[in-house]
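Here subunit A shows up in two complexes: once beside subunit B, once beside subunit C.
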Partner chain A sequence: MAFQILLNIVLAYLWMFIKVSFDPVSFVKGYLFGLVVIFVLRRFFRSRFYLFRIWSFIKLTLIFLKELLLSNIAIVKIVLKPKLTMHPGIFALQTNLTKDWQITLLSSLITLTPGTLVIDISEDNRTLFVHAMDIGEVQDEISGIKNTFEKAILEVSR
Partner chain B sequence: MNVLVNFLIGFFILCGALLCLIASFGVIRLPDVYTRNHAASKAATLGVMLILLGTFLYFFTLEGHVNSRLILGIAFLFMTSPISGHLINRAAYNSGVKLWDQSIRDDLREYNKKMLNKSSVD
Partner chain C sequence: MRQPNNMILETALKLLLFFIVLFSIYIFTAGHYYPGGGFIGGLMTAGAIVLLLITYDIKTVQKILPVDYRIVTAIGLLFSIGTSAGALFFNVPFLTHVFTHVEVPVLGDLALHTATIFDLGVYFVVIGVTMTIILTIGEDE
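On to the complex of A and B.
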């Protein structure tokens, strides 16, 4: 991905040298033309066309923001309830992610989801231990959310 | 337009302050370290982020001044606060702070026991 971006910048500079006009507008023009060239030649690169990956990263950021908002609403509901009726607990969550940055990202996402907080990660990086605010009713739902997160993270790193 | 933006600024800052207040209520009310950490690490994060966003909008609309430090502050807060919540929880668990007595399961204790047994066998 980094190679494709670098190549795109080089193509933009090439455009600027061809046009003999060194201003930001022609840089942007050259960048767009280079984007088209890289898209046409995408089957010669080992990784996929890099705009797709940037798009999935943007999607991941939007999920992050949405979950942050929902988790705050959930916390406010629990705190302002007159009686404390939740059942907290710690459950184990198996993960398929292997790289360190993926696991860090997943645990940050889990920490920002409604009512869950990562406590520990096992030594072989396969299991996350998650403290949940209300474990009885949400566990299925939470595992569903995790699947979407894991999928989004895998989408970014594909 | 200007009225709308002013309304938005007021909304952001008031919402942020309210969330911080509710987070501090949560820290007082909730029963143990872990549940308190839920309140502190989520509600306070969004609260401070909203206040910073309102401040950014205020200086942008009234003075025409783009303060990029506020945006950076939001990004840094967004990245660091879940990690700090995780670390505090982990330190509490490893130093033996008990869960609330109405907690219903604890997979981590079993895991730790298993690891301890394995290391004593080795």
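On to the complex of A and C.
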């Protein structure tokens, strides 16, 4: 992905040198033409065409914002209840992510959504220990996290 | 005693360290027209190194930055004294600063001031002193 972006910038500079006009407008033009060229020849690269990855990153951000809103509403409901009926607890979450930045991103997203909080990671980076404010059905929590965040992060790094 | 797994902290630091150091350099260069300057910039750079020390241990940080901070302090003092004493060669009082406008081909108009070099000395002294204090406290066995 980084190589594709670098190649695109180099192509934009090549365009500027061909046109002998060194201003931002011709840089943007060259960047767009380079984007088209890279898109047509995208099967040369081992990774995906990089605009798809940027699009999946935007999707991850939108999923995070949606989760943030929903879980905030759930926490407000728990707080405003006259009776204290919540059951805090800690559960282990097996993760399929391998790279360091993926696990860091996943744990940051879990921590930033209210109600769940990453406490620790196991030695082999395969298990996250998550504290939940209201532990209803553990299996539901795990599958919820897996289906939203983990899938989106895998989509970004594909 | 189980060692905690610092993976999240290390990964976050790999990204954040560069942002902190770049911002400290901005604070250092903005000191003439905006709030900032050598002292606060040096403290912020030292803070970035302290963040490294918190994440890794002292030996690893010595590998990453093989710097003797006492020498850094000395270099900073030399810069400050040198820019101050340079005024004596031109028959003007001690600590007189000069500034000029220089036309550089690509960068355009640069206002160069000898107070910047004085401030660079302050920057180095602050980094050297802060890191010397922290390392000598941290290293006692």
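Basically, the second predicted complex is superposed on the first by the 151 of 158 C-alpha atoms of A that agree within 3 Å, B and C clash if a C-alpha of one lies under 4 Å from a C-alpha of the other, contacts with A are read in each partner's own complex, and residues count from 1 in each chain.
The rule is simple: contacts are C-beta pairs under 8 Å (C-beta built on N, C-alpha and C of every residue); 3 or more make two chains touch, one makes a residue touch a chain.
Quantities reported herein were computed from a predicted structural model and do not represent experimental measurements.
Engineer: Quick one: subunit B and subunit C on subunit A, clash or fit?
Structural biologist: fit
Engineer: Which chain, subunit B or subunit C, is in touch with more residues of subunit A?
Structural biologist: Touching more residues of subunit A than the other partner does is B.
Engineer: Figure out whether A:Ser47 sits in contact with subunit B (first) or subunit C (second), or with both, or with neither.
Structural biologist: A:Ser47 contacts neither subunit B nor subunit C.
Engineer: Based on the superposed arrangement, let me know which partner A:Thr148 touches: subunit B (first), subunit C (second), both, or neither?
Structural biologist: neither
Engineer: Touch test for A:Ser107: subunit B only (first), subunit C only (second), both, or neither?
Structural biologist: both
Engineer: What is the contact status of A:Asp120 with respect to subunit B (first) and subunit C (second): first, second, both, or neither?
Structural biologist: Both partners.
Engineer: First (subunit B), second (subunit C), both or neither: which does A:Met133 touch?
Structural biologist: Only subunit B is touched by A:Met133; subunit C is not.
Engineer: With the C-alpha centre of subunit A at the apex, what angle separates the C-alpha centres of subunit B and subunit C, reported to the nearest 10°?
Structural biologist: Between subunit B and subunit C, as viewed from subunit A: 70 degrees.
Engineer: Examine A:Thr98 and indicate which partner it touches, taking first as subunit B and second as subunit C; both and neither are also allowed.
Structural biologist: A:Thr98 sits against neither subunit B nor subunit C.
Engineer: Taking the superposition as given, does A:Ser157 touch the first partner, subunit B, the second, subunit C, both, or neither?
Structural biologist: Once the two structures are laid over each other on A, A:Ser157 reaches no partner at all.
Engineer: Upon superposition of the two complexes, what minimum C-alpha distance (Å) separates subunit B from subunit C?
Structural biologist: Scanning every C-alpha pair, the shortest subunit B to subunit C distance is 8 Å.
Engineer: Overlap the subunit B and subunit C contact sets on subunit A and report the shared residues.
Structural biologist: After superposing on chain A, subunit A residues 107-108, 118, 120, 122-123 contact both subunit B and subunit C.
Engineer: Help me check something: in the complex, which residues belonging to subunit C touch subunit A?
Structural biologist: Going by the criterion above, the answer is residues 4-5, 7-8, 10-12.
Engineer: Give the list of subunit A residues in touch with subunit B in this complex.
Structural biologist: 64, 68-69, 71-72, 75-76, 78-80, 84, 86-92, 107-108, 111-112, 115, 117-120, 122-123, 127, 129, 131, 133, 135-136
Engineer: Report the residues of subunit A in contact with subunit C in the complex, numbered from low to high.
Structural biologist: Subunit A reaches subunit C through residues 100-101, 103-104, 107-108, 118, 120-123, 125.
Engineer: Which part of subunit B faces subunit A closely enough to touch in the complex?
Structural biologist: Residues 19, 22-23, 25-26, 29-32, 34-35, 37-39, 41-43, 45-46, 78-79, 82-83, 85-86, 89-90, 93, 99-100, 102-109, 111, 115 of subunit B touch subunit A in their complex.
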